[in-house]
Amino acid sequence: MHGLLASISYNNWILTVLLALPVLGALALWAQGAAMRHADETARTSAARKLALVVFTAEAVVSLGLWWSVDYSSPLWSGYVAVPWIPAWGIFYRVGVDGIATMLILLTTLLMPLTVLGSWTSIRERAHLFYAMLLVLTTGMLGVFMALDLALFYVFWELMLVPMYLIIGMWGGQRRLYASLKFFLFTMLGSLVMLVAILYIGLTAADPLGRPVFAYDVIVSGATYPGMASLWLFGAFFLAFAVKVPMWPFHTWLPDAHVEAPTAGSVVLASIMLKMGTFGFVRFALPLFPDAATNPAVRSAIVILAVVGIVYGALVSMVQPDFKKLVAYSSVSHLGFVMLGIFAFTTQSLQGALMVNINHGISTGALFLLIGMIYERRHTRQLADFGGIAKVMPLFAVMLTIVALSSIGVPGTNGFVGEFLVLVGAFRTEPIASVIAATVVIFAAVYLLWALQRIIYNPLSKPENQALKDLNARELGLLVPFIAGILWLGLYPKPVLERTQAAANRVIERVHGMGADGSVAGQGR
Amino acid sequence: MSFDVSTPTGLLQALGPDLVLIVGAMVLMLVAAFRPESAGHQRRVGLMALGVLVATIATMSWYATNASSTTVHGIIAVDGFRWAVNLVFLVGAAATIALGIEANPRDRIVAAESHVLVLFATAGMMVLAAARDLMIVFLGVEMMSIAVYVLAGINRSSARSAEGALKYFLLGAFSTGFLLYGIALIYGATGSTHLGVIGERIGTFGLAGHGMLLVGVGLLLVGFAFKIAAVPFHMWAPDVYEGAPTPITAYMAAAVKAAAFAMFLRAWLEAFSLLDGSWLTPIWWLAAVTMVAGNAIALAQRNVKRMLAYSSIVHGGYLLVAVAAGTGLGSAAFLFYGIAYTLATFGAFAIVSVMAPTGSRGALIRDYEGLWTTRPWLAVGFAICMLALLGFPIFGGVGFFAKWYVLQAAITSPRELTPLAIVLVLTSVVSAGYYLHVVRVMFMKPRPEDADEPGPVYPLTQAVLVGSVALILLLGLFPNTLATWAKDNALGARPTAVTTNAP
Amino acid sequence: MIGQEVLPLFFTFHFYLFGLVALVGAIIFVTRKSPVAAAMWLVVVMFALAALYVMIGAEFIGMMQVLVYAGAIMVVFLFVVMLLNLGHPSELGDMRGRFGRIAAGFVGLGLVAQLLALSRNALTPELVLPVGAALPAVDQPGGIIGPVAAPLFNEYLLAFELTSVLLLVAIVGAVVLAKKRSA
Amino acid sequence: MLLQETVHPLAETAARFVWWLPTLPLIGFVINGLLSLQAATKLGPADPSADADHAHAGHGAHAHDAHDAHAHDAHAHDAHDAHPPRHRYAAITSIIGPGVLIASFVLALAMFFAMRGVEADAPFVSRLFSWMPVGDFKLDAALQLDALSMVMVLVITGIGSLIHVFSVGYMQDDPGYPRYFAYLNLFVFFMLLLVLGANYVVTFVGWEGVGLCSYLLIGFWFSEQANADAGKKAFVVNRIGDFGFMVAMFLLFAHLGTLDYTAIAANAGTLEPGGAVVTAICLFLFIGCTGKSAQIPLFTWLPDAMAGPTPVSALIHAATMVTAGVFLIARSSVLFSLAPVASLTVALVGGLTAIFAASIGLKQWDIKKVLAYSTVSQLGYMFIGVGVGAYTAGVFHLVTHAFFKALLFLGSGSVIFAMHRAYHATHNHGDDAQDMRNMGGLKAMMPVTWTLLWIATLAIAGVPPFSGFFSKDEILSAAYSRAHESTLADASLLGMSGSTVLYLVWILGLASALITAIYMTRMMLYTFHGPNRTDEKSRPHLAEAPWVMTGPLVVLGVLSLFGGWLNLPEVITHMVPLGPAETLEHWLEPVVGEATARVSGGAAHVAVSTEQMLIAGAIVIAIAGIAIAKARLKPEALLTKDASEPSRGFERILERKWYVDEIYDALVVRPIHALSRSVLWKGVDVGLIDTLGANGSAAVTRFAGWIGSQLQTGRVGTYAWLLVIGAVVVLRAFTAGN
Amino acid sequence: MLVESLTLSAALFTIGVIGVLTRRNAIIVFMCVELMLNAVNLSFVALSKLYGATGQVFVIFVMTVAAAEAAVGLAIIIAIFRHKKSVNLQDINLLRG
């Protein structure tokens, strides 16, 4: 495989192709939409989703080579490309990946076709725009994972906003207008402050000619900031990423956005877009400002917020009457784990955090797809409207159970691996925080099992539910990869862990400012 | 080619593009008067005015590459900044006339002189951009203002238009009093009206803390703030923008404001840069208050033109940040921003003029509900303009980089404007509230049953619209050329004088 | 303060006299209800100012003041007042109420206070031309017009030419606006 | 994929197939699971929402489906009343379900004999693959076969096989037949993983896995809310314990850098004996045990768990899963022996649980509830054993308890089965088939069951020579002797000396032995003796169960009778030559020997005379209990459930289980719910962050904008005013500096 | 004399400003603006005594501009009068908010 990929210089073009393909797909959809202007809605929808599926599948297939082609142990970037974009301002098209980014890229590319399948029949109008937005969104997300130029990163970061805004706002539920605007404003508030910080960094690192420098490597290796500046800059990045993660108390956009978004939107939002925040911390906030990040006050504040988020998210999701909202709050809890893992600064916790990232992507994505499936049948997400549907939808019940267990973190599923690594690692440096965080194993079971009970168990007393049809072949087929992922990462996460190990070590080394192999980095005592 | 602007011949030569425009305008004035008012005549004069503008642009581009001045304290500048700003005016004027040709009949404006007045106003702006003497500044401002007063009220059939014109005129004249008094006092303190001389004398004689000078500069700032509609001198703007014919509104928002900024930047950088201890605080607060209040009030607007008026006030605030930077980079940022803002403004107003002839239905944001379903292209175009005004990357195209440049100017400024930069970005979050509101009204709401079908988009309007949107997107993807252009034409980037030639 | 020169008592007396007239005239002007009366008081102020100009030594400007301002501009004002039949002081609400006037007085005081900060510093002696050099005496060649004409047609030729365009714009504008409503 | 570093003596024996032990039931799970799904599945339409519209339009048309779905709901206790045709795949399932278990059992036997054949002090570790390698954290998926896990494996597969066979009969008519066996197989898989794990994490996988299966099986008849509730409760309460388990693992890794049993055993010496760290580790582990093994304060789930099918109660909630806590402490004996305070806590909690649960058992009417509390009580005994450092005794009681409690449950299942059939035959849907007040006099109808249940009752009551006598006696004598002299006696807990605590524990043990004898006799009297209280119509239908069910009962009866021979105390073999003494003690020596020795401080036993006294006392207590019950209880006077009056006073407190559930509900569940809903969600989230923060700032901005737009009066005067004021301010700013 | 002139100029300017603030008749407001311009002219003239004729040249331009403004301004006032039959600024508030 390595030889084959090398023979087609895979690494030289793959990242650019991954970024370009969705955009081209979006343009193709646009052209198709224009050409079919006078066709009836059904035909348009059908054509649009097929084209989108083809593009996404192609993207996924092309991206698979990354699994083998990336040099995971090298400190250099794989697939590195640097082309001047706005040389007058020192902005370059600079992309490259390491193990951490690769895993998230693969998560994205593999998830997107499934997302399209998941919204196969639920998008019935303006389908061309919908899928085009989904494609553009994909470029934005992939770009964030690849960008090695701070300015470019920012562009991709913002690029995601509009498609998601439209997806929520045009195809969403009752309160979609409120939710979409809230999503947009929250995210934008954070990211614009980051924009100032990025400019400040770039201008501080200006070359002798006075041109700003936004190259990630240059800034990481060269930049030092006076104490307060470093804190302010970190704060700016923190705000942007914390909103996206979302950390408590910046999380309230999330439940609204999730509840109102159409299924595909929720899936993308939960599975990938939330990872932007945590990825941002790992890729940018920590390596750029190790001093600020390790500042005891800052660090304890973040750890406290993370733990509050973990417990708070779990407790609040326990009392949600709406299934989507429940899952949304559970995301707050899960992402709190990621933050705890990152800011505990141990190899295990960071690796665990990366695993939770991926796992949350799989489990919560699947949960939203499942919710979408019953929503399509019943047009409600209120837990009280269901009950006992395992009788009529046994396959659905099985799938929901497995996914819920993964989300709870039952050993053997992927959820356990991540949470366990985070906690076992974080315990070395933040014992109290991780013990408090560990209480969530209880609350997670409470809220998800209670939800499960109210949906698939209990008496099948509502007449509307008695006629429900079980999953069809498409739905079943699209869930199978999720189940496979859940079990694979639960039982044999080593391939992924191996691939992120070196990158994670580099982050830890950078944070601790030491050259050791990082394996014992961060031991508190 | 080098001109000695201290001699009448040299001066005449250095004013080449301006002369082409003024002479063209005069000829057109006669042409306009030659026939009775009619829609056809209006159109013909408009097309000819476009021709004059093209000729001016052509002349100017020759000058832009070849002209320079040999005079140290010439009465006018011959530098890249002048030509660059002129480009903004001329493009704005061309777009105004192009929109006007098709919008005027809808607004029942038949006076062919409207196009002539646009040319005259543009000539005033060009003078303003060149002026290095406060006397010329004053005359340039008046030439531009008087023409625009008339343009604001050109729709004789509309009470709103007349009301707008009256308000603009009375307050404009009032503010001119302040401006003039400021000039008088500056003259009193320094004994000169020439910007370069003033600057020199402030340095030589240590006038930085001189009471008369400071009062004079303060009054000058008031006059300028009025022209760019900085809060609290902005009150006229929304009313006038709403009352004026839509193309003229766009012209006011883009070109008039750019002219005022160009004048102010030159004055600030050439004459008063040593006073920054005094003027930084007022400008800082003007910028901050303008951004905050403008954005907040824009949120409360229901009328698209009023909303865009407040938006233009806000963008004045953003540009004030670049001015406050007080550097050549600030002026480069202004140039970049000027282009970006002009494109977005004309794109937006092109659609507004299609949607709503002045004073009729269709002027409210509500009237845009569900536009996506009936006129998707208009909706997409408007959305792109809104996102450009919001400063959003890729979708908002060049608007993002405009803001980027302003922030860059603010952060690199020796005056430590990072807090102001943060005010800028925080207030632009608020601006998302109203820009996105339009987007969501168009895309996320159903088209009401009784909504009027928007009129057709005629070719010139279409050209303006497509041109603006395409350029917004294109320059948003490849802003390097524009960035280089702005940097090369910044104030101080190309020296005004190449030889010493004492007056 | 620099620029003080000893003038004959005649000049000094009349300077203060016309100064007083201008000030009082202005106050009366802004308090007249009738537009016609106000306009006439404004003419008085302008005449007083013209006299002041003469006292200062700018005889030509004084003349221009009488001719252009009092003679032309104010006539146009009165003409419009008459045309629109606005001569009666009966129009209600022309003047703000007591509160408005008091507030305006305070704002005016504030403004004056700020404006008079200008007198806080002495003028720069190096910049000031010697006494008499700035404005040559009446009996010099060129008379009273020469010293003004020279810069007007040399240094400020551009400005002068621009005024012609300005007036042209004003003419076109006025014509376009004042035409009868077409539609 | 066996990666064995050094050649272990077992490497060449059947032991190398150790991974087959759990894999076999896993295969069973997969097959049964697929069968169950295949049978239930009718794939939905391609466009579900279109169909939903259709369904909305006329769901009346689907009434037939609805009836199908309801087939089971009407009645939801152990058996059911409809007689649908047997499950499509019942035959395959009947072979595969028990088949894989029996195969596992056979394999386990082979390994057992292989182990007997070699001398191996070190456990045989079979590394399957590297699971979570991160930095210095090396975690393998590895299985460990040693004496302790061998015992557990034999119990699990052996008793599991019997219960699987029993289930074939018990569940024969259930529509979820393959699903039932899938869950049961899965349970065995996880249970084997639990006991075979070579590190805490693998054990934890099994630990949580059995909890999951317990959840699924308790809620097997999920259409009844009570069952689903009980399942959920079990899982959640277990998770509270799991939290402790996890924290213990964090501590272990943070301080020892590994989670492998062998490495921990080797490095445990580096921990300070009796120190805070090891005590904390052990206490957190014990929290885990209280959850899984239903000890105070986390025992409340187990009685509710009786909502599951009775064979499940027998396998999971009596014989195997609930004893995992005991296994875990035995597994961690090295650590516990270093932490006397933790050990004392274990013992004390065990003692308290024993008497507490026993007291509740006195007044329960539901036959399964009696057994459930009895299980809790007996688990308390086991914890006394492992708590006082008598690890072998604890494990021994675990084994014998597995025999007789499985027998008791299966026997009661047999009774319930008979009752149900009778009620079903007469279409009696009103009466409770599990309430003892509705039974009585079943001896005549079900003689085999009657006999076997008496054997089990005598065993649990501690009457010699039944198995329970030996194991219970060993625990009590260990408690007594440790109180006398041991490292525990030297430690102190809550201000009491360890010695006092242990004497207290011993007395609690004796007292609960008495109560156990009483309530077990009560159960037997009410169920099998006295007059039959079933209605006239149903009575003729009462009969013994078929052979697939009685067969396993007989086997268990034999084991309950002779189970004591596994570990005969020396003091008895000296008096009566029954057979080899302390077999189990020797067998477990490599695993728990060192720890036992450390706790007892070398003084293994008290004097022989004392020991004889203790034995005599235990026998007296057991017999006294039976006698008291026989004397005091009058089955003839008992009224049926419907005719009974509510009990009063203390009896009522016992019947309502000391109101523990209600107290937990009021103190924990409701406050957390209220906090989450009212304070966190509605208060902080909706109120504070959203209303005040996000929407609030938006509203303030909007309001400011509205004020601003109101200033825009449209009148030039206003504008001029503002302009002038602005000018004055700007001028002020310019002149202020000078 | 210079000081007196400048002070008088400031006073007249302020009276003009007060007039703009207090009057509501558009024509009178406009006349007040003219008064302000006149006040500025006084400053220019007074200063020209120090610096030479530039100040006086400026005054000439101011007069020209004033004339131009008067022409346009009065035309605008006539235009609004046609619509409103009034030049009271209080009544002219179609555009607001």
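Lettered A, B, C, D and E in written order, each chain numbered from 1.
Convention: a residue touches a chain if its C-beta (ideal position, glycine included) is under 8 Å from a C-beta of that chain, and two chains touch if they have at least 3 such contacts.
In this text the structure is predicted, and so the values were computed from the model without any measurement.
Of all chains in the assembly, those touching chain A and also chain D are B. The chains in contact with chain B and with chain E alike are C, D.
Taking the mean of all protein Cα atoms as the centre, the chain whose own Cα mean lies nearest is A. Taking D-E and B-D together, the chain pair joined by more C-beta contacts is B-D. Put simply, the C-alpha centre of chain A and that of chain B have 43 angstrom between them.
For the pair chain A and chain E, the distance between C-alpha centroids works out to 64 Å. One finds 102 Å separating the Cα centroids of chain C and chain D. Centroids built from CA atoms put chain C at 31 Å from chain B. Residue positions of chain A with contacts to 2 or more other chains are 185. For chain E, residues touching at least two other chains, in rising order: 6, 13, 16-17, 20-21, 24, 26, 29-30, 50-51, 54, 57, 61, 65, 68-69, 72, 75-77, 79, 82, 89-90, 92-97. Residues of chain D in contact with at least two other chains: 698, 709, 712, 714, 716-717, 720-721, 724-725, 727, 731, 735, 738. Working note: touching chain pairs come out as A-B, A-D, B-C, B-D, B-E, C-D, C-E, D-E.
Chain A contributes residues 84-89, 151, 154-155, 158-159, 161-162, 165-166, 169-170, 176-177, 180-181, 184-185, 188-189, 192-193, 195-196, 199-200, 203, 212 to its touches with chain B in the complex. Residues 709-710, 712-717, 720-721, 724 of chain D are the ones that touch chain E when the two sit in their complex.
On the side of chain D, the complex with chain A involves touching residues 36-37, 40-52, 55-56, 59, 61-62, 65-66, 69-70, 73, 129-137, 141, 201, 204-205, 207-209, 212, 215, 219, 222-225, 228-229, 231-232, 235-236, 239-240, 242-243, 246-247, 249-251, 253-254, 672-673, 675-677, 680-681, 684-685, 689-690, 693-694, 698. Across the complex, chain C is touched by residues 717, 721, 724-725, 727-728, 731-732, 735, 738 of chain D. Residues of chain B touching chain A in their complex: 387, 392-395, 400-401, 404-405, 407-408, 411-412, 418, 421-422, 425-426, 428-429, 432-433, 436-437, 439-440, 443-445, 479-480, 483-484, 487.
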